[in-house]
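Letters A, B, C and D name the chains as they come in the text, with residue numbers starting at 1 for each one.
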């Protein structure tokens, strides 16, 4: 019978729900995987965390995350709290010998990310950071095609992560818009996913040149932080201290050129996480809003018959897809987390830290730091 | 605290997995719904059903479905067995006072469907039939738009359900290709979904004119019925006794014209369940392969600015979508079942049988019967 | 130097403009083609035809088409008048020994179409009918793929020609809505194009079953027949005597199944002339609104890499496309007529009547007649 | 009767054919426009220019462009020669008092572009530069929507011009790959179109940061410069002296952020000239490969009904489209030139130089110069 892995999760909001769901569904779809046991969830607000635990299926709850970390019946600490709390929690969890899965971005800066990596390495625990988009079957399949050489030498990546939820200037000043909590805005929230995907699919960047912008500099403070978006108190305003949008150019070590953009001001694009990669012998395109589809183009198709073809990545040949429904039957966003957790558990079983792990988290952080520096210094920055 | 509803499921393959998953996820996403308890699953092959029960989270198993039906700790019988077994099971379950949820098609013919409806009505149990596509948020939203009058009087529906998994003549003679087990081929397996969607969105049909065709009349018998598709024994052939494809014209009671097609021979269409509806003041289009999207067109948009717009039905305004992720984050096929079960449980709580119920199942069966008769009689058939 | 061919055109409105343009552009793009000379155009309204001749580049004009036909300096009679006048003009032109190119539909009924074919054959003149959509490069390329066996045996065609310009009940009763002038409505105006494309790409039909419908039975008479659409006099109403929409099923001689629809009531579809064809080993899709694109699917692509690919048919490998711009640079609707005239001139040079010729026109008329009979007789009609 | 304008064209290859066609079609579609008379074409190779003149309908030819400029019967000099010859020809033509229409880029550098502008202004002749994509009906309509405020304040433009015709390293070293003739590579050939569109639709840029790259640094010299692409002599290689790809970030004077890319190495993208613009209250998207379509999004659509809609810009409401066919009937690439020439002739009639004129050409050149400087200096460059 499969191994059981005991989880303690710190935080319980949007990402907490997502992770809880992934654990619940994991062994249903991947019966050979170690089985997660949802031991305990922690949060400061007792009534809220109690309710969340019940709804999401956690066996117990804690109101102090340090208690959670100290519990003997916990193997894994799952961190889904706001960004600025990641380092302290992760380091303490590592020192307690827990395996760690952390939401992204790993930290607010490179220094903290470094400390986190040192802690997990020193304590020899398994670690991952939740760049879930790597785990869409279409993206995994893209990776396979690239590794098998279908694209040849890569010349280009263009990646855009476009959202539109804060265009309205009356949208409230939620925590994601405050530097001291979020670290950055569009960059660390969504741009980081494009960075991670580019590193996964194309390779490491050498240097970047960027621009950053805050279109709406003051916003009403939230009357209450309900849901993802809150409601606003129109009488009191506060300063937005993060970027609304960033764009950057990148030169990759392998000679590829990259062009990147992340914004929350692109009307009509709810969650347009997309990229196109062009190589010597082929191209691929992907768009999270149609996450099951991968467009591929191969230069060796006969002349006259060349064109992008759309593959519905729901077939046995596509990574993870065989665990689900027949071809043509879509899966959704949450499956990217199921696959990520599946990888994490493989890592725990075999004692290695699958990508994207804290090294990736640190590297993504370095890229972000260079982007921020470039915007300030108005020039190219080495990673 | 929410009510608990105890489920007994008969069958455990593709649809059994799907239903089990829906129960598991229901209270996670809809915490106010009655809570399903996966009491027992039944199947004839003990080792297989035992394994399935473990993997899918059922508390116990039975090898005789009659035992399951007689168990006192079961409120609901869920029927996911091959089509020809539905009537006997459903009638016996109804007589045992169990609420019933049955896979489609309800039966192999109108007579049996009628008997099933009589049984559930006589025994006053709640009943539904699993036309899950009604429950995609985009389809539910389409229904709302139509009911609110956005389309005005409806003139047209064109619905195509295209698959391609049996084009290859060496594909084996699985049970879905035998009339005595499946009742019909493309018609009852996929065409019925288009019929149900048309009845849901446009209204009842008055008469139909059809054609049916079996392109490959003999196929190798399966060496083993593994998975959905099996493997074939190329030395022994058997007769395909169902349709490979059907098409029909329909006249609706409200004056609309319908054109329908279902086939398993449309190469490149893995699960292309799509329709377009045109009314006096608007149109809608939907395609299951991009199930989160609904295309809408309104004639009252300003001239020059008219065109189909694509709505990503993942927002709070879209039925069921508020239970999940932020806008633009897709959900998948399995969610249609979660929503269906959610409705079913609402029905059990309030003692009514939500649509699509056995009346719908019967009506769909009548339409299918008329289609079959039309193909034989070569003329229009009243429903 | 290339041969010169002298044209006389009867009629000068929408299609007259289109044909005039095709002649003007022909030798520019196809310098090896015989050169058209726009000798004369005829129309009853002298000031209007004079103006048209000047604007469209005709050297002279006539107010009596019989005069035009009798002129010695004319080789070809081009008929772009309303449908009911085609037979008389064509027969007289044939008897005068003129080659004939006629707009579609060839006639109002099979009897007249037959007489026309007899006339051209008896007088040994070259003849074509303007089913221009055959001549889109993407459609010609589809034909090549089919002929080369890329699709294998054909199982399905589904063809829809959807327009929406008369949904509004206040749209005036233009000539296209009167049976005595137009012969039929959506059927003969647009459905006939789908019929012709199906015959071109799939083969001859054996029998059909149809339905026809007139959604708006009375309309305001036009105050003036300006442009394609006129303006309406809201005080006087007249009877619509043609179909607003038709749909039919077809069985092809080669065993393929066809499903067809033509309507002017499909909101949001301005000129959606589209089809999909599925064969044993491949599929193709085309949509006139994106006329340069052809979608193709081949079952012999490696598993996992199968999907519809979109070819932009603007490359040297694509019929006619080499005469124009570099790959990816679109051509438009009018080019279908240039190609058709190019074929016609090839026929004149070599003394044969290229497809679609009057035989095709007659065959299309027979299919239409069977469709009309089927709608009345409520059953299958042999062609 | 409309005025006549006498044209002399210098050069006769790809763009010569395109311009000739535009003149031929202009008065057919726009009968109120001044009428072009194709007086003479010039080229150094007498037999080639003679053949071109005949095929394209020019009344005479010259083998020395200076003769052409000096002819009294010429009003307009149309320059379609390789880039490096533009300044000398244009300045001489201006001094001869001819109106001038020049292909893009205006010159190889800012200094020459400046001299050209001075010459046309000093001699008071009408001038335009052929940024034809401005004149697609969809782009003109986008411009109207922006000017009417549909998008509100603009936040973003992302524009990509992707081609793939030189990916193959054995593609020959045609003139477009030599700096002394072409000035630059992807930048001046295609990137300049994106720059021009951005200036047209969004406004002037303030500064840019760029990168440029030549992926294939040596190529076989052409054995013959036939067609656009030539054939290569695989025994002799020469240096590619222009960029294969460029990308740049831009800050606009009005605060918008721009991200741009031009490459000839994006496999599968034959002529993917596309952009998306996001404003406070709406967004638009356009793609030349589907040039008749404009996607628009408005934030004031009701919640739940928001999404990009696709407008087929072939209706009377869309600029220039009323001159052609009914709604839904596509026009092609060449129409952008007809519209441009139409504007030019309006300018000649009323004695002004319509945009894009030599001022635009100069401004585009300045942007290009800043892009090149930025690539060298590795930092932001003011325009």
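By definition in this document, contacts are C-beta pairs under 8 Å (C-beta built on N, C-alpha and C of every residue); 3 or more make two chains touch, one makes a residue touch a chain.
It should be emphasised that the depicted structure is a prediction, and the values quoted were computed from it without experimental measurement.
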item	value
Chain located farthest away, centre of chain A as origin (C-alpha)	C
Interface with more contacting C-beta pairs, comparing B-C to B-D	B-C
Between chain C and chain B, distance of the C-alpha-averaged centres to the nearest whole Å	41
Whole-Å gap between the CA centroids of chain C and chain D	35
Inter-chain centre distance, chain B versus chain D - centres from mean C-alpha coordinates, in Å	54
Junction residues of chain A, two or more chains touched	269, 297, 306-308, 312, 315
Chain D contact footprint on chain A (complex, rising order)	155-156, 158, 160, 162, 164, 167-168, 209-211, 213, 215, 245, 247-249, 251, 255, 257, 259, 261, 263, 265-269, 276, 278-283, 297, 299, 306-308, 378-380
Complex contacts: residues of chain A adjacent to chain C	141, 296-297, 301, 303-312, 315-318
Complex interface listing, chain C residues touching chain D	14, 18, 20-21, 24-25, 27-28, 31, 55-57, 163, 165, 228, 269-272, 288-292, 312, 314-315, 324-335
